[in-house]
Structure formats: structure tokens, C-alpha cells
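Shared between the two complexes below is chain A, which has chain B as its partner in the first and chain C in the second.
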Partner chain A sequence: MSADDFTDDMDEIRQIFFDECDEQLALLEEQLTSLTENTGDAEKINTIFRCVHSIKGGAAAFGMEDLVKFSHLFESVLDRFRSGYIPVDMEAVKTFLKCKDTLFDIVGAFKDGGQSYIVAPENVAELDVYLNSGAGSRSENIEMEDVFGLSFAPVKIEIDPPTDQKYSIIINVSSQFYKRGDDIRNILATLSELGQMTVDLDVANVPLLNTIQPDQSYLIWKVLLVTDIARQEIEEVFEWSGDDIHAEIILLTDKIIKTETYLPIFDDKHEELQIKKTVDRKGIATVRVDIQRIDKLVDLIGELVINQGAIQSQMRRNKISGDSFLGNVVAAQEQLIHELQENVIMMRAYPIKTVFQKLGRVVRETARFTDKQVKLILEGEDTEVDRSILEKISDPLTHMVRNAIDHGIEDSAERLKVGKEAEGLLRLRAFQRSGRIIVEIQDDGAGLDPERIYDKAVEKKIIEKGEKLDRDEIFSLIFEPGFSTVAKVTDVSGRGVGMDVVKKSLQQINGRIFINSTKGKGTTFSISLPFTLSVIEGIIFKAERQDFVIPVNNVSETVIFDPAKAFHIGDGKYGYPYRDGYLSVIYAAEILGYRPDGKNQKICFVIENENEDKIAFVVDKIIDHSRFVVKNLEDNYRKIKCFSTATILGDGNVAFILDVEFLFGEILKKESPC
Partner chain B sequence: MNVLVVDDSRTMRDLVTRELCKEGYDVETAEDGVDALKKVSGFQPKVVITDLNMPRMDGLQLTKALRARPETRYIPIIFLTTESGGELRQAAREAGATGWIVKPFDGPKLCAAVRRVSS
Partner chain C sequence: MGKSLVFSLGLQEFSVQISAVKEIKEWSKATAFPAAPSFVEGVVNVRGAVIPLVDMGQMIGVSSDNNEKKAIIFLRNETKVIGFSVTNVTDISDMDDTHFRDLPELSSENLKYFSNGIQSLGERMIFSVNVSSLFEGSLQ
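After this line comes the complex of A and B, so read on.
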């Protein structure tokens, strides 16, 4: 490695440090919140202490002084709780949470390239109170603070002009010295580096062989050292070994400079150290891997899937039976690749905890701003979601949580009046349902008022007065651009970002949002998200001699299309009988800009969206059913309205993946009165 | 020469590893005492650098455990910690620690210390 490599990896380690800070802060929050229910758990306090301690250690290594200072103060306070000087109560937990937030801010400031961060004085004052209260003296802490150096290395101040001095050093060691794995030769070697040295070994104390104690040390070394360095540095050589070594350093041109007393340590009772209760951390071994490497793996497996497709399509072309030896091997391989792909994608998964815990802070802050009491309940924090999704849901969720507290949950007085607990409840829940991740944000607040929303929508000219809408349709009006139920913009949620932005950003990651609300009882927002954005299961179909892919999730049924049964219902719209009713028809050819001739269209997909709306989507032919690695079109090409993504087929051709939500949009457009 | 670095903070492990690698040491890392004990027999370090405060098994317990094993009884153990309190230092010394360095550490000094205990 060259020197350059080391400067490069310093940045990397700095990045690792910030990652680690995030982890430690998340753990800190987790432990702190659990403290509220089970106060005085020593092991928890210990873990909390260790988190702060770790951050301090790393911060010091990177010279982030303000982070060191604050974490040190926090740590000192925690230490007093840890030692049992002060009992843990809710007030203390609140202070700790605030400190955690401050740490978060400081880390953030440095992460963003800042060089310093001024901690709010009241935050420091609050901690100072703990430092001074309770049993136990504070002197110890003051000493710690003084001793703790912030600079990288102690600055040496030379007072005397460096001139060669002659020292006599007489060294005695205890048997303990050797028991610690040290060796006098090391000390002598270090001394010899300081200047010109001669050594005499004094064996006068060695007893006769029959009385010798093999584990005792009888030797004395007499060193003559000529050097220009300060005596402090000579002392430092011995400082290391503490009481196990006795060194008498005499400046020969002067008098005795230093003598250290040799205290034999034979007291075995002293060795009885307290063994702390320890908690096994799940016992799962983990390896850290750069996310880019995993992404590379995902890409490579994607190529593998494409190759697999190529083999299979070649087999079909050559009429090789799936029952043949080759057919079986290829089928087995397909299964293996499928598993490989799933496993690699799981590697990219993170527990949703990372996002939830951030929301804990949002809840506290919002509650403080709005002067409401809110209890946050987190469920399913361990639900794993692909990293790409996690990154995108943080902002919408933050906004929704703010909204829920600001607009949903009533203030304590109001709540008591309607017979609810003074403290509002906000529940965040994540779980898996049929291959998708569901995140629910549930509050027990006032609930949505359909009449108010309706009036507001009329006022904002989103709908016409008198328009007939059912409850769900009214609720979904809040996702319309320019809609806000609160007249005045509050500090908290009215920041120009509306629910329309939330919905749009969720749609971008193929997510859907639903509302369930009862006036007076509360509101639940459910967000349905795909597990990953990088792979979909889909059906390849042909329309106008081109291949397309439709996500299989959206296809609820496939039926043979009989053109004779399709009937014109006016305005260029067609209906198709389905069960007891009929479905609106969309021809694949039509959205491609062709006029369907009614001859080639043989297959009809019944497509269903999250709202259980159905449409009939008519195509020419089904080709295959497979898993596809999704490539973003916008990144590589540009946005196309009905296809947000594409994939590469087995034959190497690119096929567009149909955006089902767009189809429903098309239907709505057709149905709207204009 | 093999050096085992024990610290629960990855940042610290990486920083120490980086300094030691610069000097040409072979470095293995462990995240706490339990992990370290698992790794010593295979890796056979010539020097152990350990943090004091770690989950599951701290530096003091690790030191005592290493001192209790015949094959690691005389292995030099350097504490690398933010603690500078005299009592802990004394406790470490009694447990059998060879040296004590206070974080933040200085690269060349750390290497000098490793050199010193391992020559």
C-alpha cells in the first residue's frame, strides 16, 4: 500500500464512523425508550453508556471536538446513573432522549462537513444538574475531564535547551511485571533508542540455587544513558509498567530527579473483579459488506436470469422437451438462480426499525411543538424492507406522522372532554402481506370529517358542488394537490408539502396508500409497498408484434377474449362482460397508438389494482411467465407515460414493463365528464 | 507479525488496523472479549490490543481469561481506551495488562508501543 491508499481509506473510515454513529444512536434510542417501561435496568444503562462511549471514542479520533465534549459530558452523567449514584426516573429518561437528539444533531453537523456545533446551553445545564446531584463526589468527574485530552497527541513543550545529559537509571522489576507478559529487554531496547546506553546487570541479590523462587525477580539493571531528551520521556518509558517496575532515574550532573516506589502486588483478593452480567446479542455472526458489492451481485444475477431465459427460449425453439435430461437440468438451474436472487435481495434488506426510530424523534418534537401528549407504539420493527424502498419512505412517513399528531390527535383538554385518555396514541405498524410490505400509521384522534373535506374540496375547486362521491372517494380528496384541511399553516405540518406529495412519492416506488377513518375514533393510513424495486414477477405478452411485460401481482385472472362480446358503450369506450357485470376495456394496441382491428386480440387480462378496481386489458398473445430484473427507464432513457420501467428478455430484446396504475388513470380519464 | 485488535467500535478497529497495517503488521479484529477468545487460538497473535469497555466480555475479563490459558499466558496485552482513570488502570494492571494507551491514540506511538512489547 502506498501512502495515498491510506489517505483514501481514512475517508472511508470516517464514513464507517458515521454509519456506526447511526447504529449506536438507533440502539441508544431503542434502549432509552425501553427504559421508560422498565426503569433501573443496569444492563440497559450499561449499553446506553457504551453507545455514547463509542461515539466519543471515534469522534476523538477524527478530532470532532464538540462531539467529544458533549458525548463526554453525557457519558459522565450516564456513569453516575450506572454507578447507582442517581436513580433513573422518567425525568432522567426525558433528558437522555434530548441528549440523544443533540448527539444526532452534532453527528449530522459533522457528517455534513461542519467543523463545530454549539450545543444549546440549557441542554448542558440539564446535564450539569445531574453531575452535581445525588450521592458521590464530583471531583472524580472533574479529574476525568481535565485528564481527557482532545488533541491527537500531547504537545510537548521544551523548556530546557536540548543538551546531552547523563542519567543513571537503576531498574528493579517485580514478578508481576513478567506475569503481565512484559519483558525487561523491551524496556532496555526502548531506552537504547533514546541515546547512548550502557547496561550493567547486578546479580548480587540472586540467592543460592536451593532457596531460589523461580517466579521471583532478583536482578537489578544499572543503566547509564547519555541523551538530549527531557527526563519526562525517560519516565514515560517506565510509566507504562506502573508499580511493577521500580526505576530510579538520577541526573548525574544533578541530584535525584525521581524515585518511584515499588509496591509488590500479592494481594489475591484484589483480583476479584466484579463480573458484569452480560447479554448475548442474539448469537448471530454478521459480516459487513459494501452495499455496492451487493448491488453488483444483484446486477450479475440479473444477467444470469437473462441468460437463463435465453437458454429456455432456445430450448423451446429447438423443441427440446422439459422432461428431457437437459430440460430437467435447466429447470433445476432456474430454481437455483431464483433462490440465489431472493437471497441476494434479502441481503439488501434492512429492518424498517431504522426508519421507525427516526420517527420517534419526529413524534416527540411534533408533540412538543403542538403541546400535545402522544404515546408512540412501534410494531413489526424487524420487518425487512429493501434498502432502496427504505430510503424513499422516510420522508413521506415523517410527513404523515407529523400530520397525524398535528391534525389527527386532539390536545389533552379536548380528549378528556370526549372521554378519551389525555395521552393520544400513535401506532406505527409494519408487516408483510402477500409479498408486499404494509406500513400502517394509526392514530386515535378526531378522525377525518367527510363533510368538511367535501366542503373544502368544493371551496378549493377540486370538485364541483353537488358531485356524488362515496366515503372513500371523499377521503382520497386529501391527496389532491392544493388540499389542506387546516385553514392556517402550522409550524409543524403546514410546510408547503401536502398529502399529494406524499402520495406521489409513494407511487414512485410503486407504493399505494389507503385511508380508513372513523369520525371521533381516529384514522389509519395504510401504505402498501413492494419488497424490492429490482425484481418483479411478470407475464410477457405480445401486442402489435412487440413484447411487453405486465407485473403478475396485478393480474387477477386471464380469460380468452371474444371480440363479439365486447360492446361499445359510447365515447370510444368498450365494455366486456365479466361475471355478473362488465369491465371497462383497454386494448394494449390502443395505448400504443394503434387502432385495434378486433382480429388479433385473443387474450384478456383482468387487472386489479390495490383498490380492487378491475379493468379488462386486451392483448394479442401470452408468451411466457417469468421473473424480471427491472431497469429504470428514466435513468437510462426518459420518462414514458405508460411504462416506467423495462427489462431485458431472454432473447436479449428490451421489453417495457406496463405501469398498471397508469391504465387505471386512463380509464378514469375516459370516464370523467370532460 | 500477528496483532489481534479487540474493540466493539468498528471505527476504532479500522483505525487501529490501518495504523498497524502501515507498519506491516498482520491484523485480525474481534468485536469483544468473547470474539477475541474465539480467535486467539487460530490466529495466534503476538500482541493483543484491546478496548476496556465492551459488551459481553470487557477488556479486563478478556485479559484474565488470556492469562488463565497456558498458550496465551505471556502474550503482551495493550489496553487502548478512552478511560484514563487511575483505578481502572490499576485494575487492568492487576488483571495482567502489559500496557495502557489512552484514546485518541497517535499512530506512530501505538506502533512504537506494539514494537516495544513484542520485540
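After this line comes the complex of A and C, so read on.
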């Protein structure tokens, strides 16, 4: 193996470590948030402890010192909660969440190639408080040596007694111990030098004389040692004898002696039980697959769909009926490919949980910043969304959550004044509706004030004073560039990006956004998203002998185009009657730079954008209505006007997919479309 | 300098380093798109990927008239793949420093941008083309 291979391998292992970190952090967040509602659940604390612990183990193996130090500190504190020294309360949960966020940041820093990360001192101080409070406390001083080199092996951190502590030591020896000529008396003698010692000999395991094996060891020594020395020193006494002697050293505190419910003797079994439970919880077996392999699979099935199209067009050309044997087989095959495609696309789906959990942190931080009390409720976290979409909704959602807390939810005093609970409610909900994913962000804050929005829009010259708008139109003004309802720029949401950016980024993934708000009651933003970006339903049409695809969700109606009804509206543009009004006409041929001759244009799509603006889009001929595999042009080229994506047709040719939003944007700016 | 793929644009010969060559195909018509630079023919489908097709002769601007195009050379640079249509693919040659010469002073700026010198191979004169310049030029 060459040096290069080795670094490659290391990188790969590092990547796996970071992937695992992400999983652990997600689990951590999940456990911590549920801890909020079910305070002091020992099982949960255990899981949390293990998450932090495994991050620490990996970090030590990769020499990420700062990550090791912080997770060690966090873990030590958790251990004190786990052992029952300190009861879990809401304050503690808050601290844990903050620590989780810090861990996330440190992991992120290392993932981005950083070598170090300086943890905010107040974060450390907060942990130190817990470390030094309650029974059996001591000040922690972590040296890297303590944790280095142990790599993934579990590291047990014990608490050193500053004063006399009681240890219960249970000693089991194997027959090998005696065969090597060792003597238990030497060990007991050494122990007796460490402090006050009493020894009990447990003979319960000694069998009857007729069954006794003369070379076996049946005796158990129970030692009670009162000493002020560190646990490590006791352990050292046994180290000489290696595996031949088994000693359980248990620190007895008053509390434990009194209650006797948490004797760590049972800890191992407890741990086992825990692991089993975790496995049960996941239930379904999963396989870790590189996302690129799945993407490749999606691509291949895309090609299969294209081939299928080729077969069908060849059949039509050769006038083979769909009722023939071949026709039936091809139809069955189409169905299979369709199912295959859906299944593979499902493989790329992730529960929206991954995004929601990140928002948990946003909510906490924003609430802290704005000094408001906010309770976050998550619903439908298991709703699955394609990975590509998930990546793109994280930022807009973050912004909207910040907005909801900063502008929507009132502070406690204000809320109490209007008869609401002091704590504001923020509800994030995800669900499926007619093939699309709906994400709702609902707050019970002050709601949008239509009058204020109207005045603001006039002030910002977005609308003319006196312009008549209905409620929904007024609400949608907040999506206009340059609109911001708050006069002062706040740290939280006033970062120069407004709701217009949110809307734009959602549009890029074919998302739509709606507002529902009642003054004084709260606001709900609903985002409607497609399930996937890799397949669209579209209509394929011809213009100037070239094929194009238009997404079906942009077409509100298809009508026969009668050139006689088109009328000139100046600047070479035409109008066309539609229902009880008139629409502007755009000829598909214009996009290609041709002058339409008015003879070939037979069909008119009434196309619609997000704002429900309508245009009559005139094409030569409709060819088919089908599902198309979306290919990104930027993969190998760059953005091009009017078409953000393309697809491959049955004959192997490329057809561009019309970017309707872009088209409207250009038309409304009165620029020639392309 | 290693092996290079030699091809022709009109009557002149050019070469690119062989390591950047992904595939060579017979020329086929691309799907044109509006507002494309004059040297971009459009996009083509290569086993499911949508790849831009660039008329290399036009982009480099060496041969005045419309060259006959018989082949497409697909080159890879980092993550992107671009197809370049050329008149013909000739052969694969070993390039060596001893026969590598600078371009004549008065070469066009465009040619200087895309080519870093001339390889003489006996009677033959081969312009060495820089792959990263080709990509930069194409993506403009």
C-alpha cells in the first residue's frame, strides 16, 4: 500500500467518523429535546452519555484535541447526572442543549479542515458548575494523556475523592492466578496500606466437597476500603496480575449506600439492556450506501425511461398496435420501470427530521437573543423528502423560524398583557398532500398587520398609495425585494436578507409559499414542495422544429390558438382574449430568436407563475404528456437563460425544460425573453 | 511531456494531453439553445448526461471558414465534461520538450490564450492546446 493509499484510507475513515458524529449529534438532539418533556429519564441520560462518549472516542483517535477536551468535560458532567449525583432539571437540559450545539460547532470546524476550536469560556464555566456541585464533587483537570491512545475503547471516568471515600472492592481470582504462584495475601496487604480496610470472605460459591475441583478458585473477597487516594492507585494494585484477577472497584457514597438503588454493580447489565433497546428502537435493518451510488442508480433508471420512450416511439413509427403481444409487454415494462424509478427515488428520501432538528437550535438561540420564551413543537418529522430538496430548504426555513420568533412572537410581558401564555408556541409541521410535501411554520404571535404592511409598502415605493389590494395580496407584499416590517435592523433576522430571498430560493426548487395570518392570533406560513427534483411531469411541445418541455404545474390551461383573435399591442407584441380578459402573447419561437410567421402556431398554453400572473404561450404543436428525468445543465456547463434544466427524449436528443419563473421575470421587466 | 491526442481543425493540427480525454465520438447534431455564444453548438446526450458541444475551431479562431466536423472529443476537467467538435482525430503521439517551440510573436491573442506552443514532429507542426483554457473559454 502506497502512502497515497494510506492517506486516502485515512480520509475515508475520517469521513465515516464525521458521518457518525452527525448521527450521534442528531440522536443527542432527539434525546435532549424529549428530555424536556420527560425530565430525569435515566435511560435517556444513558443514551446521551453514550453519544458524547463515542464522539470523544473517535475524536481521540484522530487527535482532535479540542473536541476530546470538550466532549470529555461534557461527558464527565453527564456522568454525574447519570450516577444520580445531580437531579436533572430544565436548567440542566438547557445547558446540555447548549453543549450539544457547541459539540456540533467543534465537529463542524474539524470537518471543514480546522485544527482547533476555542470553546466559549462561559460554556465551560457552566459545565464546571455542575462538575463541582452535588455529592462527590471534585475539580476536573483533564490531560490529553488521560484520553489519548485509548481510541475507541470506552473510557471510564471516575471521580476522585478529595477526602476519605469508601470503596467496595470485590475480588475474584482465577485458578491461573495461583498457578502463576501469585498470592492474594500480597494484594490484600498492599491494599491495607492504602487506608482503613475490612475484608469479608464470601464462600457462597464453594461447592460441596464431592464436587469440588481442587485446582479451582471459589473464593470471593469483599473489601471495604476507606481511603483518600485516587481510584487509579487502587487499580494499579491489581494491574500486576492482569487478567487472572478480577476486581470490581465501586465508589460508595452516602447517597448510594442509603438508597441502594443505583449500585453500579448492575451497571454492566444495565448497559447491555440499553444496547438491546437501541437496536430494537431502530427495528428495521439499514444499510449505509454512498449517496453517489444511489444517484448513479437514479441516472441509470433515467436512461431506462429514455430507452423505454425510444421503444415506444419506434413501435408507433412501425404501426405496432398497443394491443399486440409486443405492445402489452412494453406496457408492462413501462409500469415496472415506473415503479423502479419511484422506489429508487424513495431511497434518496430522508426524513425532514434532519432539517427540523437543526431548527431546534435556531429556535433556542433566537429565543435567547431576543429574550423571549418559545416552545417548539415538531410534527410529522418522519415525512420523507428528497435529499436534494432537503438541502435547499434548510436556509429558507432557518430564516423563517428566526422571523417568526423575532417579529412574530411577542415577549412574555406583552403576551401576558394580551392574555396569552408567557411562553410562545412555534409549531413546525410537515405532511404530504396530493403528491407534494407541505411544511408549515405556525406561531401564536402578534400576526401580520395588513395596514402596517400596506403603509410600509407605500413608503418603500413597492405599491402606489391608494392601490386596491385584497388581504392575500397585501400579505404577499412581504415577499417583495426591499420590504422589511421592522424599522430597526436586529441581530437576528435583519441580516440584509428578506422574505424575498426565502421566496426565491423556494422557487428554485419549485416550491410555493402561502401566508395565513390573523392579527393578534398568529401567522402560519405554508410551503408546498415537490417530492423530488429528479423527475417532473411535463408537456412536450414543438416550436420551430425543436422539442421543448414545459412543467405541467405551470400550465393552467391549453387552448387552440386562433391567430385571427391575436391583436397588436405595440412594440411587436400581441394580446389575446382569454375568458373575460386579455393576456399578453409570447411565441415559443421568439425564445429561439425566430420571428413567428403565425401559420404554424396552433396551440396556446395559458401559463402561470407563482404570483398567478398569466401569459398566453403559443407553440406549434403538443407532442406528449409524460414524466421526464431532469438533468442539470450546470453539471457540465453553466446556467442558461430561460432553461434551468433539460431532459433526454426517447430518440436520445436533448430537450430543454422551460423555466417559467425566469420567463415571467424577463417579460415583466419588459426585456426580450431570451 | 507525455502522450497527446492529435486532431485537426481544418488543415491545421492540434493536440491535447491524453489524460484529459474521456471519449471520442462521431459528430452529431446538438440541441441548440438561445443566446448561446457563437462557438457553442448546443448540448448533446452522452449516455444520460447532458454535455455542451463547443466548436473548437470557432472558439480558437484559427481556421477562417466553416470546418468540416467529423468527430467530437470529450474532455474532462475537474468535474465537468465538455465535448469539442473537431475536423478529424489523427493519432496519439509522444510529445517531447526538445521539439517544443514557442508560438510566433504575431499569433493572435486568442491563439496564445488557448495554446502554449508548437510541437514539431518531423514535417508536422502541432499546436499544443491547454485543457484548462479550453474549459475557461467554453464556460464563458
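Everything that follows uses one rule, which is that the second predicted complex is superposed on the first by the 423 of 674 C-alpha atoms of A that agree within 3 Å, B and C clash if a C-alpha of one lies under 4 Å from a C-alpha of the other, contacts with A are read in each partner's own complex, and residues count from 1 in each chain.
One rule holds for everything that comes next: a residue touches a chain if its C-beta (ideal position, glycine included) is under 8 Å from a C-beta of that chain, and two chains touch if they have at least 3 such contacts.
These figures come from a predicted structure and were not determined experimentally.
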A:S517 touches, of chain B and chain C: first, second, both or neither? neither
Chain B or chain C, by number of chain A residues touched: B
Touching partner for A:N172 - first (chain B), second (chain C), both, neither: neither
Touched partner set for A:I648, first chain B, second chain C, both or neither: second
Touched partner set for A:G242, first chain B, second chain C, both or neither: first
Touched partner set for A:I306, first chain B, second chain C, both or neither: second
Partner chain(s) touched by A:I13 [first = chain B, second = chain C, both, neither]: first
Chain B versus chain C as contact partner of A:T47, first or second or both or neither: first
Parts of chain A lying in touch with chain B, wherever the complex brings them together: 1, 6, 9-10, 12-13, 16-17, 20, 47, 49-50, 53-54, 56-58, 60-61, 63, 140, 143-144, 147-149, 152-153, 178-183, 185-187, 189-190, 240-244, 265, 270-271, 273, 275-276, 278-281, 288
Sites on chain C touched by chain A in the complex: 30-36, 42-45, 47-52, 79-82, 139
Sites on chain B touched by chain A in the complex: 8-12, 14-15, 18, 21-22, 51, 53-58, 60-61, 64, 67, 73-77, 82, 84-85, 89-91, 93-100, 102-106, 109, 113, 116-119
Touching residues (chain side chain A, partner chain C) in the complex: 299-300, 302-303, 306, 546, 591-593, 631-633, 635-638, 640-643, 646, 648, 652-656, 674
